[in-house]
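Next come two complexes built around chain A: one with chain B, the other with chain C.
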Partner chain A sequence: MISKLFQFLSSLRLTVVLLGLGVVVVFFGTLGQTSDGLYVAQERYFRSWFAYWTPHGSTFPVVPLPGGYLLGTMLVINLIVAHFTRFKWTWSKSGIFLTHIGIILLLLGQLATDMLARESIMSFREGDTRNYSESSMDFELAFLRSAGSNTLDQVVAIPAVRLKPGDELHHELLPFGIRVKEAYENARIRLRAPVMDSNRPPAATQGVGARIVIDAQPPTRTMDARNVPAAVIEISGPSSLGTWAVSGELKPQTVAVEGTEWRLEYRSVRDYKPFALTLLKTTHETYPGTDIPKNFQSRVRLRNAESHEDREVDIYMNSPLRFGGYTFFQYQMGKEQLADGGRGTSALQVVRNPSWITPYLGCILVGVGLLVQFLMHLTKFIAQRKPRAA
Partner chain B sequence: MPRRDPEYAFGAFGRLPVVFNGRLQPIDSLARNSLTRIREKDTANLEPTKAWYERPKIISATEWLLTLMTRPEVADGWKVFRVDHPELKAMLKLPEPNPAAGEDGKHYSWNQFGETGLKQIEESARNIQENKKDSSLRNAFDNATLGLYEAMTLYLRLKNTVHPQDTVRFASEIADYQKTIPAGVRAFQQRMTGSGTFDTNALTEVFGHTERYFVTLRGEPPLLIPPASGGDATFAWLRIGEALLEPSFGAPLLKHLMRVPKAELSPEAAAEGIRSAGTRPLSPAVGHWAAMADAFRESQVAGFNAAVAGYQTYLESLRLGKALTKTAREQLYNSFAPFSKTASLYIVAFLFSCGFWFNFAEWSRKTSLHLVQLAFVVHTLGLIARMWLEGRPPVTNLYSSAIFIGWGAVGLGLILESFWKNAIGLAVATVIGFSTQVVAHNLALGGDTMVMLQAVLDTNFWLATHVVIVTLGYAATYVAGFLAILYVVLGFFTKVMNADMGKSLSRMVYGILCFATLFSFVGTVLGGIWADQSWGRFWGWDPKENGALIIVLWNALILHARWGGMVRERGIMNLAIFGNIVTSWSWFGTNLLGVGLHSYGFMSGAFTALMVFVGSQCVLIALGLIPQAKWRSFSAAAGGAVKAPAASAA
Partner chain C sequence: MRFTVVTVVSALAWMAVGCGKDEVRVYQAPQDAPPVAAANPQGKTTQTPSASEVPESAASGSSSSARSESSASERPAVPWTVPAGWEEKPASGMRVASYGVKRPDGRSVDISVVAMGGGAGGELENVNRWRDQIGLEPATEADLAGLRSIIPAGNRQVVMYQLDGKKAVLDGKYPARTLAAIMPAGEMTVFFKITGESALVAEQKPQFLAWLKSVDTGGGGGESTPEASASSSAPAPASPAAVSGGSERASGGGGGGADGLPNWQVPSGWKAAGPKPMRLASFDIPDAAGNGDVSISKLSGNGGGLLANVNRWRGQVGLAPLEAGALAANSKTVATAGGDSGTWVELVGTEKTILGAIVARGEVSWFFKLTAPSAVAAQNRETFEQFVRSIRF
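Now for the complex of A and B:
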């Protein structure tokens, strides 16, 4: 029984089936991007154990498929078991060994990247300094209290996913409790129109919430739009401080609790760094007489208090800044409204990926392995032909 | 015998430099690419109803462009717009074919569209662009309408390149204008600074001229005027309208006026701009262009040629770096048209390679071999010329990928032929060589094939490694697929195939697949590393990346299936034919999805072609699935002695 299982797990037949299924899954995962958008399609087909493909416009799952995780795991198992059972090491197979080790490394590296890599955005205007980057997907509800002029703000941040209607939240640093009344994954804020919205009460009783209503929106899936969550919370110190509306679209509000002012903000999740970047200058060039972009470039000043580093760096396409385990890539560029000063703005993509080296190693191993193996085939082939031709 | 008239120096004129699409190019390229965009050919046939043996008057693209720029009233009567879609013709009320009236039913002149036609086409195009933003929703009529609209827009852009389109004598017009500048600028400065009264007449006079030049700039014509200071950079080149406006407004103020979107100017910058008005001299290049334009308009051949020579001397004095060498070589490249020559060579060579199988005459194979070798040399030289002109590795866009896939496939075919000497390598080389030229030709109808690369692609290192290697992977996979097609076609329809040939084909396919796996794998992973370098993401599941991954997986599948003995000779052939579908999906299909980083937008023509190709491959696979006993080569009728090789293949 066990030997049968090993035979199955090590078989070339399994390899071929897995490769074939890989073709199918990647194909449908690509097609799925046209209707679902890149992110959702990626989650559905590649970062999953099982998937199914639904034709555009249909709600009925038609084609069941194995997910990327399942295929990847099976391929790794297949390779490893085959090497322990079926394969015998010989010099003539050294290329295949190298290739397979490289592929295992690539698959595991990709899994590690999936688990460990974090992407965020650092966006600023010329002259701004940032020591944090912001998530492009996730929000947090932050309460900030200024703890004197020379010390950092005291911040308590609650991830958006923790905000579920009906929940009550407490934190040791917060002298008040929070009760979640409403929570929206994606919503738009607008001023309440007294006549048109006569049958809708304001979103909240306090702050700007008393003048707005929240329109729930279906969650977006496209690459160029993001969900902006909103919530209505009740803040209760010794007594209730009323309900407050929070949204990624709103500016920070102030809540006074027992004489202390707390700033209330629903913002992108922040990742603070032990160093700071200052945007000095943005450059955006196009080819003469066209709109084809030629260069996007951000000149930044990098300051690290700990190591006393202080230098200027240019970040542009294909030339990122690597520092402190992070990599900063030029992502977007723009110009603010003239009324706001007309300064250039720049957004850097910030990536932290501890396993970034694995694809480089994997590529070298597989490349060398295939080359060795095929060169051996070729020389053998030529050697065989020579005597016949002679 | 009548004395032969001296001829216009169109060749020398075609070499003159111009900046368009963001790149420096000879007038010749601008003319050919524009005419190809409008007419689908890089020459203009002025008598389209005449058959070729009736010797219709055909002029070069350069002559057409020069006429359009300097004598638009003449060019507007030439039938250079190709319109095929019947509904579009009906909408614009274009005449039916009528040889007596000079109508071929395909080519129409600017004048034939008329004012109403222009308005109609503009309205329909706007309508389509707004209501069918997703280009996959557009039907053939929509695409034809947009195509004609774009052609007309280009035509209008070109019309105002040298001077406003209603100019009669450019040189005297410029002289008149220059006389009004000093008084005009003084009045302008007085008015802007509010210091005392100003001469309204002087202002009106100079503005009468400048208004015309501003109008020419609205069409965004090519940049004709080199910087007086010389140098290699294309950034300092000006449109002739800008060059004419500079003496009045000065460079800073003009730059501000031309800025899009409009912005406020700080008071200091405005004051500086107003002060520097009237300080710039007119670029001498404008005078040279006026001389050329006036001479051509008045049909003075000697005068025109002298003006061209004069401008050339002026350009040489500017020290424009490599610019003049580059334009001269690009013109040579254009007129030599290496890739259309190789296409013809490949067809002839293919016929000779077929000849070898049917009468087994070695001379037929040798002829084919030499033709392919010759074509390969021309193909290589063409690639090198493009690389030199662009300053880039061979593959920079879809067009050049087609050329390069053809080159790689022909190279592989020649290598195969050197081993086996049975004309199979030659047949595959010529079929793929020719087909990729057809693909490239159709892609070239979209206009300039050497456009500048946007920021993220602007890296010769990754273009030279990832792009070249992955494209060679495509080429190799196609070679394997076409070898398999030969196996099925020759085996099924002819008696040429025998066990020996089947065996050699099978070994060829195997060898090429190994090569294809290596290249597509390394190329794909290098693409990931490039992505890691520019976005910090090794693998983003972008459609093009996925397409390349599918090729790798498919090739690996075939190899493993062979090693595991799951498929024999015929099975490998069928899998390899499916590899053609996989490769075409990666090469073209993924670009048509309209999502991802490699998206070029939906092209209905390409989509149809892709579907036809996929269908044809499916038919071939179906043929390949028919038991070999039914194949002509292997049936009992073929002699009975020949055993089906499937049984003997390990």
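Now for the complex of A and C:
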């Protein structure tokens, strides 16, 4: 029984079927992007064990598919089991072994990247200093109070996915409970308008919520827009402290609970760094007579209090800053309104990928393996020809 | 067996991907730097607390957030009759409603309803912004009267501007035209605007006017908007009838008139003027040397600050702004009949004079202002002060 299982897991037929299914998943994953957008399609087809494709506008699962995780796992198992059951180590096959190790490294490296890599955005204006970057997708409801000093905040951050209507949330560090009244994946905030909204109550009873309304919007899946979530929560200490509207578009609000002032803010998930970057200067050059970017360049000052490092760095296209396990790529550039000062703005894409080296190593091993195998065949071929020529 | 163990561990590790995303995080972090003071595109600080709390993205309409279309069925019923041929468009930015009309030849018009806090930068600034959009030179305060007309909107009278562009700004082929009605409502101002290809706007003008007339402004007799009714401290602009006459206004009890305005003694000779944006009431003081203009308005909070308002008025009569510490020496305190006290300023310019009183009451500030040629202001100084002193909130 077990031997049959190993025979199946090590078979070349399985490899071919898995690779074929990989092509099919890539095909339907690409089709899925048209309706789901890149990020949802990634999650649905490639970061999943099973998937199904539905035609645009239909909810009926039409084509069941293996997910990317399933295919990747099966390929790794197939390759490893094949090595221990079918392949026998000989010097003449060392190139093939190297190639296979390279492929395994690529697959495992992708898994590690998937688990460990984080992408975020650090955006600032000239003169601003940032010691955190923000997720471009995920939001959190943050409650902040002074941590006893003038410079530090105590933060309790609740992920947006935890905000579900009807749920009640408690945390040992929060002296109040949070009841979620409404939650929106994507919503638009606007001031409650006279005439138009006369029959519509304000979004909440407290804070800015008493002057706004929340318009639910269909979730967006496009690359050039992002969902901005919103929620209406009720904060209850010993008694109810009213309802509050929170949204990624709103500025922090303040609520006093038992003599302590808490700020509540629905914001992009933050990733704090042990160092800070100050945007000194932005350079935005285009090719003459066009809007095509020629050079986006940010001059930043990097300061690390622990290592006493203090230096200026230029970040531009294809020349990222690598520091502290992070890579800062030049991402976007702009200019704030003249009324706000007209300063240049810059957004850096911040990537943390501890396994960034594995694809390079994997590719090198595959390349070297193929080269070794080719050279061995070549030398054998030449050696076989020589006696005949003689 | 060894392989099975490796496989299971690998699979478990794989399945762990994504875990931890929904856990509450607790950490200490450096405090954020205080935000830069919000400023509107005219460079003036915003006047209402609400406008400063709502981010620039929502106030300016230039948001990075998704602006996807929402179906009409998701939207609440609109308080007006949408003319035939107007196609609803997704509202975005500060727009509370948006419509469009398109012709096969590419001509189109855009109809919008925008609500903004306070006076939204002022009448002249808004008119000039609209003029700029259709390629017209900026107008002056004196030009406004010629561009303005009074039209009915619901059971109210509002100011409408018609701006006729001359340059072919649309696709380089068509000149543009804008019709914009301004409806002050409590602490906000609502702008109803149609803009687009000149001839098509002219063609749609009857529909635009009918649409405005159909707006359900609520209340009775034009004294109150629904917004004002819903808000305990937000009176709507009074109709001319509500403030006309030369005697004391009827007391509404409870420290104020039924329409939210304070009681006051209107001096004889003053004539109630028509509705004007941002004002709760206006009076004309007829004089051969040039009419005096009395305005009563109200803003939430301190209305941008006492000194800032006094300096704005000083600028209007050509005086240099005061330093922060100089206001006390250039003003006095005036007491009203109702027991409130305000700041009284007399700003004498070379041609014009402004007499003003600013009364802060709780969460709102009241502004009483007389603008007149200096000689006329001097003659009416006592009368205006008596008027201010007669006020009972």
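Everything below uses one rule, namely that the second predicted complex is superposed on the first by the 359 of 390 C-alpha atoms of A that agree within 3 Å, B and C clash if a C-alpha of one lies under 4 Å from a C-alpha of the other, contacts with A are read in each partner's own complex, and residues count from 1 in each chain.
In this text, a residue touches a chain if its C-beta (ideal position, glycine included) is under 8 Å from a C-beta of that chain, and two chains touch if they have at least 3 such contacts.
What you see is a predicted model; the values in this text were computed from it and never measured.
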Just from the overlay, do chain B and chain C fit on chain A, or is there a clash? fit
Which partner does A:212 reach: the first (chain B), the second (chain C), both, or neither? second
In the overlaid three-chain picture, which partner chain does A:353 touch, first (chain B) or second (chain C), both, or neither? first
Looking at the overlay, what does A:240 touch: chain B (first), chain C (second), both, or neither? neither
Under the stated touch criterion, which partner chain does A:7 make contact with: chain B (first), chain C (second), both, or neither? neither
After superposition on the shared chain, which partner residues are touched by A:161: those of chain B (first), chain C (second), both, or neither? second
Check the residue A:374 against both partner chains and state whether it touches chain B (first), chain C (second), both, or neither. first
Vertex chain A, arms to chain B and chain C (CA centres, degrees, nearest 10): 90
Between chain B and chain C, report the minimum C-alpha distance in the superposition, expressed in whole angstrom. 6
List the residues of chain A that touch chain B in one complex and chain C in the other. none
Across the complex, what residues on chain A touch chain B? 11-13, 15-16, 19-20, 22-23, 26-27, 29-31, 33-34, 37-38, 41-42, 46, 106, 110, 113, 119, 223, 286-290, 292-296, 316-318, 320, 327, 329, 338, 342, 349-351, 353, 356, 359-360, 362-363, 366-367, 370-371, 373-374, 377-378, 381, 385
List the residues on chain B that touch chain A in their complex, please. 19-23, 220, 222-223, 234-235, 237, 239, 263-264, 419, 451-452, 454-456, 458-459, 462, 507, 511, 514-515, 517-518, 521-522, 525-526, 528-530, 532-543, 546-547, 549-550, 553-554, 556-557, 560-561, 563-564, 566, 582, 585, 590, 593-596
Give every residue of chain A touching chain C within the complex, in rising order. 6, 47, 49, 69, 72-73, 76-77, 80-81, 84, 111, 114-115, 128-129, 131-132, 138, 140, 146-147, 150-159, 161-162, 171, 173, 186, 188-200, 207-208, 211-212, 215-220, 222, 225-228, 248-251, 253, 270, 272, 337, 339-341
Which positions of chain C touch chain A when the two form their complex? 3, 6-7, 10-11, 13-18, 21-31, 33, 35-36, 39-43, 50-51, 53-59, 63-70, 74-79, 91-94, 96-97, 113, 115-117, 154, 183, 185-186, 188, 190, 215-218, 225-230
